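Following this line, the structures themselves.
Next come two complexes, and both contain chain A; in the first it sits with chain B, in the second with chain C.
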Partner chain A sequence: MNKNFSFKLHFPILVFGIAAPFLFPGLQLQFATLWVMVLFALTWDIMGGQMGYNSLGNIFFFGVGMYTSVLFQVGQFAEIGAYTAAHGGDSFTFTNAEYYQGLVIGIIMSGVVAAITAALLGWTVFGLRGPYFAIGTLGMAIAAGELMGTWEWVGAGSGISVPVFPGSAYARSLLFYFLCFGAAVLTFVAVQWIYKTRFGLAVNAIRDDEEKAEAMGIHTLRYKTVAWSISAFFVGISGALFGNITGIIEPLEVAFPTVTFGIFMVAMTLLGGKGTLWGPVLGAILFHTLKEVTWTYFLGWQWVALGVLIIVNVVFFQQGIMGWLMEKFPEKFGIVVENKEATR
Partner chain B sequence: MTNYVIEVEGVTKSYGGVVANQSISMKVPDGKITGLIGPNGSGKTTLFNSIVGYHPIDEGSIKFKGQEISSLRVPQIARLGLLRTFQQTRIYSNMNCIENMLISVPHRKMGFADMFGEREDKATMEEVERLLDFVGLYEKRRLRSGDLSFGQQKLLEFAMALMNKPEVLLLDEPTAGINPTLINGLIDRLRRANEEFGITLFVIEHNMRVIMNMAESIYCLAHGEMLAHGSPDEIQNDQRVIDAYLGAH
Partner chain C sequence: MILVQAPVFNVQLLLDGLFIGATFALAAYGLALVWGVMNVKNLAQGDFVIMGGYIAWWLGTQGIHPLWGLPVAIVVMFAFGWGIYVTIIRRVIDKDLFTSLLATFGLAIVIAQLLNLMFGPEVQTAESDFAIRQILGVVTVAEIKVLAFVLCGLLALAVVIFMKKSRMGQAIRATAQDARAARVMGIDTDKVYAFTFSLNAAICGAAGAMISMIWVIQPFYGISYSIRSFVIVTAAGFGNLPGVIMAGLGLGMMENYSGFVLGAEFQQATVVGLLLLVLVWRQIQQRKLRQVVS
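For the complex of A and B:
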């Protein structure tokens, strides 16, 4: 990737990210969601774009992270069963120290548990290829939502509420905005780094021809498992944050939203251009902005608008924004014939 | 005494009702070039697939440097230093030539941390450029490999195999689809890979001029059975081979 181009995007996005909550104080949570979307697209692309494994169930780790976080936030200081039986928040109060300790540990554990879950599941789902993998992972996410809905200990279908933030509504929005922004930046930096290491080449090789990769001695299962775990780690963290923003964690709509966030992950990445570093970021920003605008101005038509966008994207514009740029300006991306005299 | 790197003993492999290999026994001597010929569908590729662990065999034993490998998986066998190329050329088509080469480094000693290791260190890059030069693809090195011509892709696949530093390389029809002048160049490169890099070659080939020139000994399969084995001269004059494969001149 062209260094100049990267920098031209890094800088304004960073500045915007830091300034946004102060410029648009009423929209802090919408912007927080924007960064979660960027994180979604980046992590989906590790698997779908870079490795060629189109998972429709990555939202599973969102729910895993969300529940893990709340269980650690509450469980360190209260009995979970009693907490959910009393319907959470109001009857139990946490001191400031308890709240923040719980939050920090909850966020970290959400990533760790999601990553470990991915590694364990990897041994079974990586036996599936192509559409079977897509459907298998989707089934996993749907089943998880249904199962959590029957588990009384964690509140079953009526959910579990997160500890109440000990401060003003403004401080709460600001805190979670910056946590979401930070998580997205961290994800971007991590992803950018791993793609530059051998890992990037290995997952691309698996995408292009997994049998060839095996025949060349690449530890394919190891790479696939680690790719999925990295993806799950960050999605898990986003789940922890989003659960805290929502306040009440309910299994179907909030923790395992397969047909909304679960599909948005894929749509945003395809829009921006899968298998590229910046594609998912651009796709997420564009998609989320469009979604918020249609939600505000064309209420009732918002799903139609998104549907049209997705259809236009996959029918006429499969390579996405970054893919289109690479086709249009290959030299800018270093795709050139070079003879020896010119380079040696 | 000759050292054999591959020893195949009584290997049988069938697909449903089709017996593709019927108790095949053969040996590949260390450091030499060995040929494998036979009519279409005689079971040559099947034998390669059995050796590299692509599918389980029904019966028999396959040894690499004395170690039984018939129950190992493909990547494990590749990491032992026993590599194959494909009859239908396989490269990573969305990656450029350099990237194809970089990921083809030996994975034998790769630990967990090496997954995130430096991929373009100076020594590796020099090796990549030297080998791409060796197969004549240096100028195309930044192009998407899927956009190369068929023959160029074959050369790239061969360079990738060399990058992997195998001890033994199984080549499935390396000259198929390559033009006559380039074939001479390729024969020369195969020989040099054998002599200079010390790689043992086991080559399936339909081009008789190529295989008779290169190989020291040749096996001939027909209908899934080992029909004959001998020096190029012996094979050329073997009546069974002439009847089954070469035809009367």
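For the complex of A and C:
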């Protein structure tokens, strides 16, 4: 991608990201969700766009991160079984120091545990190719939600509540806004860096032809597992943040929202253009803004609209916005059109 | 354990599993057909089933016996399947595999939500007013379940005969073997695909109509039927009708058992767990086939 083009986008987004909570104080949490969406799309694209492994169950790591975070946040200072039995925050209070210590450790551990889970699962899941992989991961995420809903120790179906933020509501939303924004920026920088390295090339090689890549000496399973772990690490962190924003973690709707966030991340990436760096970002911003603005006017038809959007996107507009731009103006992206000579 | 104390209770569980498993097998056969012939993985399979169920249930609320819903569901779903093929499936058929998967997933969302908007999110069952018989003392068997089981068998038989004997069935099998060769031989493969997809929708509709009478339907139950179909087809392999039937019946019984032993909330988890098990198991099998060069 052209450097010039990238900088034109970097700067306004950074400025907007920092200024947004002060410009629109009432919408801080909506904007925080926007950055989580950007993160989702970016991490999904590592797998789906760059490596050609279309996972429908990446949301699994969102739930893993969320539960890990709350378990570390609570578990350091209280017995979790007693905590969930008492339904959380009412009878247990955390001091400021305890809260922040828990939060920091919880966020870090959520990423680490999610990445380790991905690495462990990778050994079984990556034997699956194409549609089997998609369905297998989808099944995994659904099963995780169902099983978490039966586990009494973490609150079963009624969920587990996150420690209450010690400060004002404004400070809370500001803190989590910037955490989400920071996580999204971190993800973007990391992903941008990865795509420039040998690792990125190897991952692309797996997408283009896995057998050939293996024949060229790329240890595909290792690359796939690492790519999935990277993806899971960031999704896990976003899970920790989102769990703290919602305040109560319920297994089916909040922690493992397979049919909402799990599908959004795919839809957003496809809308923006998979396999590109900026596509997921643009797709997520566009999708989330449209959704937030129009969602309430649909009166129950919003899900139908979402489904139709997915169908139309997949069937008629598969290359996405970035892909379309690249086709239309290849010169702007530093792509040299080689067959110009031939057509003359 | 009640299962050990009252062994006859096992019969109850097995029978119920068998009856429901027959409908699973029917839906899975439709999936195997579409998968094998068109290489389209239809994630909206379960939603076709639920749609058929709502057709029968809706007729029931209009004062018509839900058994009439069976032929109606077959006809309506056949037309619906044709419409879906023309608008969506035709365009994704020769794209990469994930496209068809995602497109049908979008379709699944649309169908489930439309059903939800039209009929509400309540769990429904169509009243067929058949007697419930007692056999072996405590085991109860609803007559409608037996009837549905027999109808499932007859339907499967009809489809098999159709595939073997009719011109269209032969064309479908030829296309499945080699689409290009079939086209060269003058078979209109587009029409064959359309017919296959519609036939699948009709089979699903029939299974759904049965399910609405012997069990319960709800707009969002579709995805679990889709996953069941995938479990069955991946376990049995497509083009293997006896395997599909056995896997379907087995899944029904296994689900019933685990639902009873572990609790109803594990029933869905069992299906998904089985899917993962089947996938891992097949993978181990494939790994054996792989030659290790060191």
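Just so we're on the same page, the second predicted complex is superposed on the first by the 332 of 344 C-alpha atoms of A that agree within 3 Å, B and C clash if a C-alpha of one lies under 4 Å from a C-alpha of the other, contacts with A are read in each partner's own complex, and residues count from 1 in each chain.
Everything that follows uses one rule, which is that a contact is a pair of C-beta atoms (placed from the backbone, for glycine too) under 8 Å apart; a residue touches a chain by one contact, two chains touch by 3 or more.
Source: prediction; values computed, not measured.
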Inset, instruction - Mind working out whether A:217 is in touch with chain B, chain C, both or neither, as first, second, both or neither? - result: first
Inset, instruction - For A:199, select first, second, both or neither according to whether it touches chain B, chain C, the two together, or no partner. - result: first
Inset, instruction - Answer with first, second, both or neither: which of chain B and chain C does A:310 touch in the superposed model? - result: second
Inset, instruction - Look at A:136 in the shared chain and tell me whether it touches chain B only, chain C only, both, or neither; answer first, second, both or neither. - result: second
Inset, instruction - Check whether A:263 is in contact with chain B, with chain C, with both or with neither, and answer first, second, both or neither. - result: second
Legend entry - First (chain B), second (chain C), both or neither touched by A:207: first
Legend entry - Parts of chain A lying in touch with chain C, wherever the complex brings them together: 54, 56, 124, 127-128, 130-132, 134-136, 138-140, 142-143, 146-147, 149-150, 157, 259, 263, 266, 270, 300-301, 303-304, 306-311, 314-316, 318
Legend entry - chain A-facing residues of chain B, complex: 52, 54, 73-75, 78-79, 83-84, 86, 90-96, 99, 102-104, 106-108, 110, 112, 114-119, 138-144, 160, 164
Legend entry - Interface residues, chain A side, partner chain B - complex: 193-194, 196-202, 204-205, 207-209, 211-220, 222-223, 226, 275, 334-340
Inset, instruction - Sort out for me which residues of chain C touch chain A in the complex. - result: 41, 43, 88, 91-92, 95, 97-99, 101-103, 105-110, 112-114, 116-117, 223, 227, 230, 234, 263, 265-266, 268-269, 272-273, 275-276, 279-280, 283, 286-287
